[in-house]
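Next up: the structures, one after another.
You will see subunit A twice below: alongside subunit B first, and alongside subunit C after that.
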Partner chain A sequence: MSEKKILTATEQPDTGSALKKSLEMTSADVVFEVRESEIRGRGGAGFPTGIKWNLAGAASGSNKMVICNADEGEPGTFKDRYLIENYALKLLEGMTIAGYAIGSSHGIIYLRAEYPYLIPIIEKAREDLIRENLLGENILGKDFNFDIEIRPGAGAYVCGEETSLIESLEGKRGVPRNKPPYPVNSGYLFRPTVVNNVETFAAVPHIILNGAEWFQDLGIGDCTGTKLFSISGDIENPGVYELPMGSTIGELLEAAGAKDVQAVQVGGASGATITADELERSLSFDDLPPGGSVIVFNSSRDLMDVLENFLEFFVHESCGQCTTCREGNVRLLDAVHLIRNGEISSMEELEPFFQLAEVMKIGSKCGLGQTSPNCFIDIVTRFIDLPDGKGGA
Partner chain B sequence: MSRNPQKIVFDAVAKYGSGREAVVQILTEINRELGYIPEESIVAVADAVGVSNAEIYSVISFYSFFSTEPRGRNIIRLCTTISCEMKGSREILETIEAELGIKAGATTPDGRITLETTSCIGLCDQAPAILVNDTPHTRLTPDETRRIIAGLE
Partner chain C sequence: MPNISVKINGTLTSVREGITILEACGTAGVEIPTLCYHPDLSLAGNCRMCLVEVEGWRTLAIACVTPVIPNMVVNTHSKKVRHARRTVLKLLLASHNVNCPECERNKNCELQELAEKHNITSNEYQTSPKPESIEEVSPGIMRDNSRCIMCTRCVRTCEELQSVAVIKPVGRSSSVTISTFMDRSLNDVPCTQCGQCVIRCPTGALFETSEVRPVWEAIENPDKFVVFQTAPAVRVGLAEALGLPIDRSTGQMVAAIRGMGVDRVLDTDFTADLTIIEEGHELISRLKSALVDGDESVALPMMTSCSPGWIKFIEHKYPELLSNVSTCKSPQQMFGALAKTYLAGKEGIDPAKIVSVSIMPCTAKKFEKERPEMRDSGYKDVDYVLTTRELARMIDEAGIDFEKITEEKFDRWMGDSTGAAVIFGATGGVMEAALRTAYEIVSGQEIPFDGLNIEPVRGMEGIKEAAITMPERMATGFEFLAGVTLKVAVAHGLANAKILMDKVRSGEADYHFIEIMACPGGCLGGGGQPIPTSPEIRQKRTESIYAEDAALHFRKSHANPEIQLLYAEFLKEPLGHKSHELLHTHYIKRD
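Here is the complex of A and B:
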């Protein structure tokens, strides 16, 4: 398979055509169409979007909320920036359709603090839609009001986790909540809330216009649709690529022009580190995490440098709420230093750190602490030569 | 000339309300205008929202864009995450440090520029990258970096 541009196609469906079609359907039918498409959350966690919308639509409570998670902070991911830069109208239209589907009149885009230059782009798209009566009051003459507010973050990776994001929107420290209750029942200000990624909302108009079956046929099995990938590192053409879900990592690397591959980090720092022998593996919810970040390392790279960089990132970004994550990442970084200094020279000596990694996975509340040990396990077990403490190169 | 910190809080509360959910927006406004959030603003926000000073401080300390120390008129945020590091962010950091005579985390004595390192800023396809105030600069070379710094007021 090669590139298949839908969300990033040059020719886009007319703005508002999907919203118009949605408003001619019942809200239940819109939710049904999205559910049948089997689209799963594009932020990485992969929760079925239609089920989320169904739950929020059915939840009791007024002032339901549609929130767009535009806080992409995973190292190596920039696809949402690209979508907003180029397809902001589709994002806003997808959010408006979500508002109609769940019975909400208020949308918020939580935009990461590092993207202040995208604010004017979103504001312009919003104004254009209001002028066309595709946003605001009595949209397309119907009894449906919806508006969208931009709320910038203030710099915290963990706020990409949806309950942290909600805490941040409520003016608090962005620390993850206990679940349940889930946001669909009690989210922003205890209101039923749908939180979806930028790419998920941007896909919705295409699903409504072309139908669930069309979307299913784009992907493989229950991993439907296309997916955007941000590729960077040692490749010829870094950038955003859209491929059918379930494509292999090798197909993506070919599209981006990778010549010399020692290792690939798939799914960001919290994802998986694979070797050049595994390029047949697929980017799907069944195999390699399809969140969007792909970083290529050529044979000159010492993977210990990579691991150290990732763990420094996690030490800095842990919110500190769970001891396993707050302290665990510091200890794993210590282990990296010990390996590099030659103070750890055998796998047996690393055993306590592997145990710690397991404790972090089960003892941390959110995805950060649950996934941050992945890079340590992958790189140390697959790339490191002991006792010289080098990781390839 | 920037406005009085309490006046900024007053205007921000008029704009965003005095609900708890307005706190990050109010703090963003102060931080943007003054470059940091002084103690008297913390007290004013706490009073307006009806929570303790410590509660407001805890929010400030959580987010990397907020500061309780005065910062320069310009803030350079240099990405040190892996894709930028592989494309030479270390050399760019050394260039800026040499040019300004300060280390990352510090502000030039004349208050012109604060230099910070940051986690991934989502410009990995155009590495190495920095954010100068609200503007991204990408595919940097040491020469280009020096030129950008020279252009800052």
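Here is the complex of A and C:
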């Protein structure tokens, strides 16, 4: 497979056509269509969007909320920025359709602090839509109101986690909540809330216009549709690529022009790190996390540098709330220093740190602490040569 | 909620739907270790100590937060769970300033206890040095963040129970700390010094500012005449602080203090009775000015002034209501002012030689005694304040066997007290004591409650209300109160005080008299009391307090013979010249 541009196609369906079609359907039918498409959340966790909408739609409570997670903070990810820069109208249309589907009249875009230059773009799209009666009061003459506001974040990585994002939106310290309750039942200001990624919303108009079956056919198995990837690192053509879900990492690398590959980081710092022997593995929720970021490291790179850098990032970005993440990342980083200093020289000595990594994965409060040890496990077991000859490639 | 069936460690159990795994395990007799969980507080779920395995779940579940669902299969001692618990403990210990023998909480520390229970004898995660002590001092409370495990119990206490919210997590990741606005000292924020955070801290990150050393030095100095006063709630907390079951231990307490070498063992209960006389007359006088003289400048409802945490709270948060607060000093400070005047005269001792020490269930009392207004005797009225816990440490250090000691009585002049005084230790107690006396002063009859027990103001309800209608026939001079219904309210815990104050400020409340205690449960739940605390523990202490009341010969403050003597010989009359000089005070607006 090679590139398949849908969300990033030059020719886009007319603005508002999907919304118009949606408003001619019942809200339940819109949810049904999205559910049938089997689209899964494009932020990385891959929760089925239709189920989320269905739960929020069915939840009791008024003033339901549609929140767009545009806090694109995973190192090496820039696909949402690209979508907003070029396809803001589709994002806003997707959010409006979500509002209609779940019975909400209020949308918020939580925008990454480092993206302030996108605000005028979104504002202009909003004004254009209002002028066309595609946003605001009595949209397309129907008894449906929906508007969208932009709220910039403040730079914390953890606020990409949906409950931290909600806390931050409420003006509080951005730290994850305990679940349950889930946002679909009690989210922003205790209201039923749908939080979806930019790319998820941007895909919705295409699903509505072309149908669930068409979307399913684009992907593989229950990983449907196309997916955007931000690829960077030691390649000739870094940038955003759109490929069918289930494409192999090799296909993506080929498209981006990768020549010398030692390792590939897939799904960001919290994703998986694979070797050049694993390029047949697929980008899907069943295999390599298709969150969005792909970073290529050539043979000149010392992966201990990479690992140290990632762990420094997590030590810096842990919110500090739960013990395993707050203390665990520090100890994993310490272990890296001990390896580098030669104070740890065998896999046996590393065993407690692998055990720590496992506890972090199953014992941390949110996705940050649950995935931050991945880089440690992957890089230390696959790429590092310890003096005792064990471990590493 | 109906019952559902869950399987815990292989055993099917029927539990109420909607309860947490922790609660379900409790019913099933399965113990789950916890740290951030506290029965008085909201659920944080941040320590990860209570992780358990739920069949079919990708991650472990935290038992304290996760509700049980039908047919849930829970395992609390699988390999995964055991590893997780040990790892969490080791991570906490690795960044904890483990200087246990020097720690105030040694042998009464939840982290230490869990480490021992889980047999943590080595720590692979000690990959960098432990933090060093970083002490911060305020009059009542000290902090050492190097012992903090970020459970946030203190933060939740300050916000949820006390509506004070001066401490919060600041910063993130491993550099997160519990701190104040702009990292200020507790002295420079509206901290009430109530110490509720101290009694909920699982480790020694928060503790009282100790004065044990100067008190020993005073006792050991032959030139000093050391006078102790003991607050009502101390006698129902001391046994517990010494590791014994919760019970009242007044006689043993007196004997133990005397055994430590103290010159006079006297009772704050004596000045509690005195407070009732002064405050009761103040209330009647305010009512008269308002009802008879039509004086609109008289502030009603009148509010009690015994609780120094409450006083600091209102000074910070509701300064416009300060004229509503009774001008009576707290019993501790009345005692202090009398010890260096009246008692000095009675004992024939130079007041300059008197060292006045009070034993309090309270950390805010340490702040109160430092207030510049509290020097009306011509000296510092109270020199040192020790918490119940500090007294227990001194008794231990003195080698006194509290269980075997023979009960003794308080010394004379300021040692008599009544049941009305001892109930100052429980929420509603001051109100009940005041009503017992005030009603009788104005009507000439006993208050019409069975056994003088004014049940509507007792108990753990956060805000309690009562209305007492005065009889038609009143004592001479109080006819203006005939048939008047006196409306009163009682709140404990500053979050409840805030609710009442908002109503008073908006004019929504039409009470005549309000009792406020800063601490949940009243003084028996004070920040200087034994650790831990819980609703059950406070309930038991409350029962001890009322048992003490019922057992005392005199139940009404005005019946106290030594109080009668004090007025006859020294004060002359309630609200008189001498009273104003020594027993009344004023308050200040604080930012």
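Remarks
Going forward, the second predicted complex is superposed on the first by the 387 of 393 C-alpha atoms of A that agree within 3 Å, B and C clash if a C-alpha of one lies under 4 Å from a C-alpha of the other, contacts with A are read in each partner's own complex, and residues count from 1 in each chain.
Quick note on the criterion: contacts are C-beta pairs under 8 Å (C-beta built on N, C-alpha and C of every residue); 3 or more make two chains touch, one makes a residue touch a chain.
No experiment lies behind these values; they were computed from the predicted model shown.
In the superposed model, A:H316 makes contact with both subunit B and subunit C. Between subunit B and subunit C, it is B that contacts the larger number of residues in subunit A. By the touch criterion defined above, A:R173 lies against subunit B and subunit C together after alignment on the C-alpha atoms of chain A. Applying the stated contact rule after C-alpha superposition, one finds that A:D71 touches neither subunit B nor subunit C.
When both complexes are overlaid on chain A, the residue A:A156 reaches subunit B and subunit C alike. Of the two partner chains placed around the shared chain by superposition, subunit C is the only one that A:Q355 touches, whereas subunit B remains out of contact.
Judged by the touch definition given at the top, the superposed model places A:S364 against subunit C, while subunit B stays out of reach.
Comparing which residues of subunit A touch subunit B with which touch subunit C, the overlap comprises 156, 173, 316-317, 319.
On the side of subunit A, the complex with subunit C involves touching residues 156, 158, 173, 175, 178, 180, 315-324, 326-331, 334-335, 338, 352-353, 355-356, 358-359, 361-365, 370.
Residues of subunit C that touch subunit A in their complex: 43-49, 51, 58-60, 62, 65-67, 80, 83-84, 87-88, 91-92, 94-95, 124-125, 127-128, 149-150, 168-169, 171-176. Residues of subunit A touching subunit B in their complex: 72-78, 80-81, 112-117, 151-157, 168-174, 188-189, 230-234, 238-240, 265, 269, 295, 297, 301, 305-306, 309-310, 313, 316-317, 319.
Those residues of subunit B that touch subunit A in the shared complex are 19-25, 27-28, 31, 49, 58-59, 62-66, 77, 80-83, 85-86, 118-127, 131, 134-136.
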